[in-house]
Structures are given as structure tokens and as C-alpha cells.
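Note that chain A is present in both complexes that follow, paired respectively with chain B and with chain C.
Let's look at the complex of A and B:
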């Protein structure tokens, strides 16, 4: 039987390759984590300009950031947008995933690709396109959408949608369709079967999808660039704007807060749903 | 409990017909096995009875009540899936209680009947466990308890034993038969395993390519197969192509000629079939009167404990399998290369 043999070359499984793999993993972790660690470290520096070595440590930059209205406003705008985008992506994405995972119908592939497309189209392109579209809408109807919360909410819903579709679909694909059939034969109506059997089993995927959607919206820079307006700017764009003029550790403090929120989101997600299952 | 009446049931998928005019009457409390190779339509037929697959034509009645177009939740059937389909997020007791909750039987009765069903399958001590904490055999019994707890009109079993190992399979099927007759459940059991069908069913429905080939008791199916397909599918059969010559003789294509019993044989029969256990092998002794006999050489000997399987080749080159009980064979041992006379009683021949 060839089936029992590993498809991988032997040196991968006999242990001699292990140091190389461990080394590779360590290098990857260092590459990913060191910029984050550096930002967090710098945010406590006393130096007025980001530079080494630190002359001392302080919490002043956090106080400074909190006192600056543009950071506060940006933070709350991003938070509100994240919540709205997540809700929209759930309302559209969960039913879409339910249909996509079960049904076999013409156009299924096309709909799936369309829902996942925002992941593939470069954010700056999609953002510019949406901006031009919203301007056209404004010219035609006289209602301003670009540079308003509504315009941003549309863009961020598009950012969030692929994540809920993808993660909810992943949790449905792992679900035995016979579970629902079993519930039906035992006397449960369609909705009861969904409520008592399907829903409890996909809930972790829905929670994970929602958290991912929120994070994707919260960190977005490119898609929002054209759509923000005076008094209506997201945190990542506030950060970029600030960096243009000054390079003190305030920015590191803001970034650290952002990193903390996202990390908390990811840790929380992983508790509900092993993220590895979604990819 | 209920009888089941199936009339001209058809399932079409586009141009393809997976179930072709199946008609069947099942008595109250009867244990029926649907037997056939994979893709013969047996599971599709079962799913149409359960209401999980829509019938393209025909009708299904449960004890006089037409259910053909009812959704599964209004049919009151119990179904055990091949993979059991236990709800992974519910305990054993919750799984079993599900059907009762759908019927709103009330707390006290629900508790009592779950307990009763679990002790029936000897799992009362595991009521609080999750399905993944049980062995395959235990999961199978939970699936069964879950399907019978609400006293369904019919119990449907889709290859329920195929995931179990051989020893457990024999044990569970005996248990299943005991429960079924104790509860008087009208039962349909889908399987591709002829041993399973022969040993548990009151009657077997042999299916092939969407059609019913034969319906009969295990004895009828084995001893008097209605078609060549049934003869080949159930048990092992020696086949000789050829034609009837009249006077109770069958001439094979290779020229051999055998005595046959022609009562209820079709006059245009083209195949002679003989079960290996009817074939006798002797050295140098002429066959008794009324037996068909042919000279042959032993090619292969497989010792199987209770019996020995021989493969012999006749003078004209045809292969013939013979199964001999070892209890009666003790005195002489046959080896490959031995010249023998293979014979069988004329009434052991089957013609198709």
C-alpha cells in the first residue's frame, strides 16, 4: 500500500529537519513581533523625538494622546464604524453563508467570489472607486454621501463582509448535514432545527467572523482614505496625518492602544473558535 | 405501529432514474431489509420514506395515512443514520430527549421515557456524557434509543452497523433484532451486507439499478433466487452459460451437458447456476444416479476451519467452486493436481 506512506520526503519526519523548522519559526516570530515590541517600548520613552537610547521612561505620551481631540475623535469614529460594519456584515454575511454552504445552484461560485472580492481588490483602488461612485450619486441626487459617516460605513461594511462570510462558511462546511435531517425526522420544524442544532454549532464561527470583521474595519487605512472628511476621520488616518508633521512618541502610544485592542479581540476570538480552522 | 404501503415509487434526478417504480407492502411489526450494491437506490428509497428526499412519483402510506408529500417532521418515523448524526453539543440524555421535546410530552414523562429508552439499550449509566466521549458501539445505541424513544410508526435504519468492527456488528444486530421484536416496530433496514440481511430480516428486498429484483424471506432469496442478479449477489454461485436442450438437459457453451430440473425454469434460460455447497468432489468413484457429474482437476484449496473451499477446473476448462464441510471430509484429503469427479444433484441447479 502506498497510501500509508507519508507524501513528504523522509527528512521532514525523521527529526533531522527539526532544528531548521524551529529556527524558521523563531525567525518568523521575531520578524512579526519585533516592530510591535519596538513601538510599545518607544511609547514609554522620555525623548521628545523618537530616538535611541531612551533618556528615561514616562506615561506622558499616553496622557498627551488622550488629551488631543483628533485622536479621541478618530478613536470613537473607528469604534462606531467597526460596530456598524460588523452588524451589517453579520446581517448580510450569515444568511449568505448559510445558502452558499448548503445550496448547489447556478451562480453559486459567482456569488461566493463577489462576497469575497473585497479581500482581493486592493483597498486603495476599491476606496477610490467607491469615492467616485458616491460623488456620482451626490451629483445625481443632491445627497452627500462621500465624506460622511454613511459613506464610511458603506466602505467598512465591504471590508468586514468577506470575513464573516469566510468564517461562517468554514464553520458550516465542517457541519454534518445529517444533523439537521436527524432533527427533522425527530419532529423538529426547519426553524426549530436551525435554532436547536445548527445555530449552537456555528455560533463560534459567527462570533469569530464578527470579531475579525471588527478588527479588519478598525485597522483599515486605504479604503477610508478618500472617504474621510473634516470631523469624520478614522484613527489610522489620524495617525498618518499626525506623522506627517511630528514624530514624537505620542504616535507610539496611540499605536500601542490600537495594538492592545486588536490583540484582545484576537485572543477572545481564539477562545471561541480555533482560528486555524478558518483558513 | 403501522404497516407501510409503497406504490410505484420513483425518484428522478434530471434524466437519471435512481428509483424505478418500487412497490412494496410491509406488514405491521415486520423487519424488512433493503439489500443491494451501492448506488442501487436503497438509501434513496429509505430517504423518500423518511421524507428527506422528495418522491418524483408514486405514493407512500403509513398504516392507511398517506405521507408521500408530508415533511419529515410530520411523518413520525425514527431514523438511524449511517454516521449516527448525534448532536455533538448535547449530552446522551438530551439527544434522546429531543424527539420527546418536539412532541411536548411534559417534563416528568420525558424524564421517564428517556430513562426507559436508555436502559433498553443499556446506556442508562452514560446519560450525562457527550457523544464524543462514547465508543462507536455506544454511539450507535444512543442513535437507536433516540429514534425509538418517541414510539415512531416506522423505524428506518440506514446501514447502521457499517461503522462497527466485525465482532461488534454481530452482537449489535442480534440486539437490534431482539429490541425490534420486543417493541413490535415496523422496521426497514438498509444494508449492502448479505450476511446482515439474511440473519436479521423477516423479508429481504433485493434491489439493483433502482429496481426491486426480488422480495422474499431470506430462505427464498438464497434458495430460489428469481433472477441471475440475485443468484450472483447473494452467496457465491457457479455460472455456466449455455442453453436448454429439452428432456431436462442443459448444454453449456463449452459442450458439457448436465441434467437439470426444469420446473419453473424459463424455456429460454441461458445460464445454469449451482451453489458451491451443493458440489461434491470424489476421487475415482462414479457419481450417484440422478447427479450431474464432470471430471475435473483440483486447482486451489483454501482451508476455512468449518469448511474447505476448492477451486477445480473441468476437462473443458470451466472453473468450478466447491465448498465442503470439513466434518464429513476427514478421511481423504484433496490436494491441488488431484483428479476428481465433481457432481451435484439435478435439483440443485438453478436456471436463468
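Let's look at the complex of A and C:
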């Protein structure tokens, strides 16, 4: 406990304080990371029935998982949904963020809470409610929306929207309005000022918002649960359905692929926008 | 006379406006016109997002409230009648009250354990002096937060099963003679949920500790307070708003958990969110499913508001 090599401030290093705090921190990270580490490890096991220690290691389960149509379809459905939801949430969310960041106006708080509400209403409640609503729409109009891609796209756009609104608003709030006014004074048109001044400044927030929106849509389980149908199932639901029957290295390989995609997405996001600011 | 003056003023102001317009390239003058124009563009900019939320969330929730007071008829999907029988059934049957009580108990224990583990983790992250280590720890918190519950549940199934890693390790170490049943019990659900919720607690607390800074702690210690005293008497009271919002977030998310109880709690450990799905999709009793969903939402909301009011009295505005 000399403190000289520790990354922790020296004044916090007397007595039991530092060991207890660091111990608690290590325990917390073990709780959070051990299930992810376990599933990655198991995906390389040679034996089909999981037992410890493994008889050997192999990459075969990745090939096996890629060959199973349910995982392939689920993966591409989730990917398409994520892209559509992200685009919709940007198209409707960025204009809303531009208004919200302008500052105080009557009703601003209400509008902001309404746009962030999809984050607060529990997924299972919102999913069940949307399903009932789409069934009523179908009964009234004869157009099937529930259990189609459109229904899922509506649900996923709602999952994505709060993230784009929140992150783009956050990046706009720190922006000096005088920068744009300066451009307007110098004769730039409204759109030119946006393209050359505002956009480069908010781009990190938009990119981060888009990546968060995509990830939130990609991993969603509860909200999609009611809306998926035959031939139209997302990857997390395929994983849950499979896990209800058995757990083997194949599903571990699928889970590892999801872990890799999301980690890569977040490490990338962190370069544009400090992740801690998103919460 | 008055009329002439009025016309004159109108003429001058018209001239001023057109003059202004030609100077700035046809844009209207600042002031009243501009403000009105901004308000109308604001409307157009907000319209698509508000429509999406209203049509995709608010109207469906209103319909759900209507469904919860409809009479259940297995033969037709139409909403018929106004009745409180679904609510009477929920609050009249000990079976459903037990599920609600179990959900509350799980949510409260998870929140308490997350607080105990989350405070040291967040404090250490906020006080680490190396930039690289701090970034790594924040990424290690946020990546699991956004990982999705299905993947994590799979990890716990591998760890906690009868032939899982923990039992195998304990057996080969000779600490136990028979595998201990952990998976498909209440403790497994609590463990699984803690892993899901802890990152939310750590992230809420980390930014608060970061904003408080080290000056107060240093001041307390300069005046002779040992680290523990400085932490519990100075830092933690300052962090109370963050502690509260972190706890609230954990509690709400635990109340609504679906994947973790279904996958690692097994069929006998029932909680509220899985019951909503079961009633709707397996029993087709939509009115009762809507009732369970609304009871879940209402209980969560009432407890959140009540606790924030109680804390506001104690600590002032949070």
C-alpha cells in the first residue's frame, strides 16, 4: 500500500478503505463480466454436452451455427430491423432534437418526456400494448401489421428514438448559437449554415445516437416478443427460444458473435462520443 | 386625420420591411415575424417524432387500459363490456398476489445488492487517475449494459447448472459431495438480475462521484477525518441524488425483468412480466394480460413516486 504505483489518489490509501473499495469493485466486475466470459469460453468447447473441464477446443460450432437457418434468418432480420429503426429514428429524431436544444419554450419538458417515454415504459407492457393496437388496426382496416416486418419496424423505431433524441440533444446543448448566427450574418442561407457549421459540430452526437439506436434495437427482446411471427423472428428471440430447450456450444457461438458485434460497435462509438455522456 | 397618420405609419413600416428584406437576401426581419416562423418550423420538426410516439406507444397504452376493463370471451377478440372483474381476480387470488410480492421482493433485494457492489465500483472508477484504465473500466461497464439479456442469461446457465462451471469446480475441489442446485431457483434469478442491473447503478453513480470531485474529500481528510469517515460523512451524502436515481433505475428494471426469470428461474419461479406474456400468448386472455401489465406499471410508478417524495423531504430537491 505504498500508493506510488497505484492508480488511485494517495490520500485515499490509509487503512482498510482502499482494499475494501477495490475489492468491492473487483466483485462487481466479476458479477457483470463472468457470464459473458463463460459463454465465450464454452463456444470453443469440443464436447457437445457442456462439462468442465472440456475435452478439447474447436471452432466448429461457429460453422454449425452459421449453417442453421434459424440463426441466419434471425441475424439478418435483426440487422435489417436495426438499420431501418436507426434510419427512422434519425429522420424523425434529429429534427426534434434541433427544436429541443433551442432552449426553453412552453411545453418543452412535456415534449421531451414524451419522446423519451419509450425508454421508461417497460418493454413487455409497451410490446403487448402495441400488439393489441395493431390487431385492432387490422380488425378495423383489414391490413395485417402485427407479426410483419412493418410492425416490428414500428416497435424498433420506438426503441431507437429516445437514444437519437437524447444523444443529439446532448451534443447540441453545448453548442454556441452564435456560431450559426455568425454564418447567417455573413450571408449564408439557413441550410448552408446548417451544413457547414451546425452539422460538423453535432456529427459525433448523431453518429453515437445512431450506433446506440442500432444496438438498442439489435438486442431488444421484450418489445419484439409479441410482434414476431413465423419467418420473421429476431436474433435475441431465436436465442431465448433455443435456450428454453437446451444450452450447447452452438448457442454459445451465436451469443459470442452478438457479444463481438456489440463490443465493436461500442468501442467505435466511444471514439466519437465519450460513452459515459450518454447516460 | 387619424386615418392619414395610420396609413402613413403603415407605409413607412412596409418600406422598412421591404428594405430590410432586400438587404438580407429575402429573409424576413427579426422580431415578431421571425418568432412566428420559428414556432411553425418547430411544429413541423416535432411532428414526425411526436406522431411516432403517440401512435406507437400512447394510443396503444390507452387501448390497453380499455382492454383491462373488458370482459374476457375466449370466442371473440372484440372488446366487450365494462367490468372490474379482471382487477378483482388479480387482487382476489392469493396466487397472483404472491407473484406480485415475489416480484417486489426480488426487485428490492437486487437493488440493495446492486447498491452495495455499485458504490465501491463507481467510486473506484471515478477516482482512478490513469485515463486508459478509466476508459477501459467504463467500457467494461457499458458493454455489458447494452449486451441484451438473452446472452447474459445463457452465460449464467453455463455457470450455475448442476454440471456447470461452479458446481464442477466445487466438486473437484472436494468442497461439496453433490452438485448444489442453483439454476432454476430464486437465488439464480437474483444473481442473474444483479449482473444485468449493476452496470446501470455503476454508470449513474460514477458520473455523480466524478462531478463531486476530490476537493471535499481532501478537505475532510486535511481536517483529520480518516478515509471511511470522509466517505460516509462527506462524499456519500453529496452523492445521494445519484444513489437514489441509480436505485430507482435498478428497481424499475428488476420489476419488469422478463428474460432472466424465464430462462434461469425456470417454470416454477414466476414473476410479473413473464405472466403478462403467458396470459396473452398461451392463454389468449388479453384482458387479464392487460390487467397484469397495468398493475405492474402502476405499482412500479406509485413506489417510485412515493420514494422520491419521501427522499425529497429528507434531502431537499433531488
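Note that in this section the second predicted complex is superposed on the first by the 250 of 279 C-alpha atoms of A that agree within 3 Å, B and C clash if a C-alpha of one lies under 4 Å from a C-alpha of the other, contacts with A are read in each partner's own complex, and residues count from 1 in each chain.
To be clear about the criterion, contacts are C-beta pairs under 8 Å (C-beta built on N, C-alpha and C of every residue); 3 or more make two chains touch, one makes a residue touch a chain.
The shown structure was predicted, so the numbers you read here are calculated from the model rather than taken from an experiment.
Asks: Touching A:201, do we find chain B (first), chain C (second), both, or neither?
Replies: first
Asks: So in the superposed three-chain picture, is A:98 touching just chain B, just chain C, both, or none of them (first/second/both/neither)?
Replies: second
Asks: Quick one: classify A:231 as touching chain B (first), chain C (second), both or neither.
Replies: Neither partner.
Asks: What is the contact status of A:155 with respect to chain B (first) and chain C (second): first, second, both, or neither?
Replies: Second partner only, chain C.
Asks: Touching A:187 in the superposition: chain B (first), chain C (second), both, neither?
Replies: It touches chain B and chain C both.
Asks: Counting only touches as set out at the top, which of chain B and chain C does A:178 meet: first, second, both, neither?
Replies: A:178: touches chain B, not chain C.
Asks: Please name the chain, chain B or chain C, that touches the greater number of residues in chain A.
Replies: Chain A has more residues touched by C than by the other partner.
Asks: Chain A residues touched by both chain B and chain C?
Replies: Looking at chain A, the two contact sets intersect at 187, 189.
Asks: Inside the complex, what are the residues of chain A that reach chain C?
Replies: 7-9, 11-18, 20-25, 27-29, 31-39, 42, 50-53, 88, 91-93, 95-96, 98-99, 102, 105, 111, 114-115, 117-118, 120-126, 128-133, 135-136, 139, 154-155, 157-158, 161, 165, 187, 189, 212, 215-216, 218-222, 225-226, 236-237, 239-240, 243-244, 247, 251-252, 255, 258-259, 262-263, 266-267, 270, 275-276, 278-279
Asks: State the interface residues of chain C toward chain A in the complex, per the touch definition above.
Replies: Those in contact with chain A are residues 25, 38, 42, 44-46, 48-50, 52-61, 63-64, 67, 77-78, 116-121, 123-125, 127-130, 133, 135, 137-144, 146-159, 161, 163-165, 168-169, 191-192, 194-195, 198-199, 202-204, 206-207, 214, 217-218, 221, 226-228, 231, 252, 255-256, 258-259, 262-263, 273, 276-277, 280-281, 286, 289-290, 293-294, 296-297, 300.
Asks: Give the list of chain A residues in touch with chain B in this complex.
Replies: 176, 178-179, 181-189, 192, 196-197, 200-201
Asks: Would you pull the chain B residues touching chain A in the complex into a rising list?
Replies: 50-52, 71-73, 75-79, 81, 83, 85-89, 98-99, 102-103, 146-147, 150
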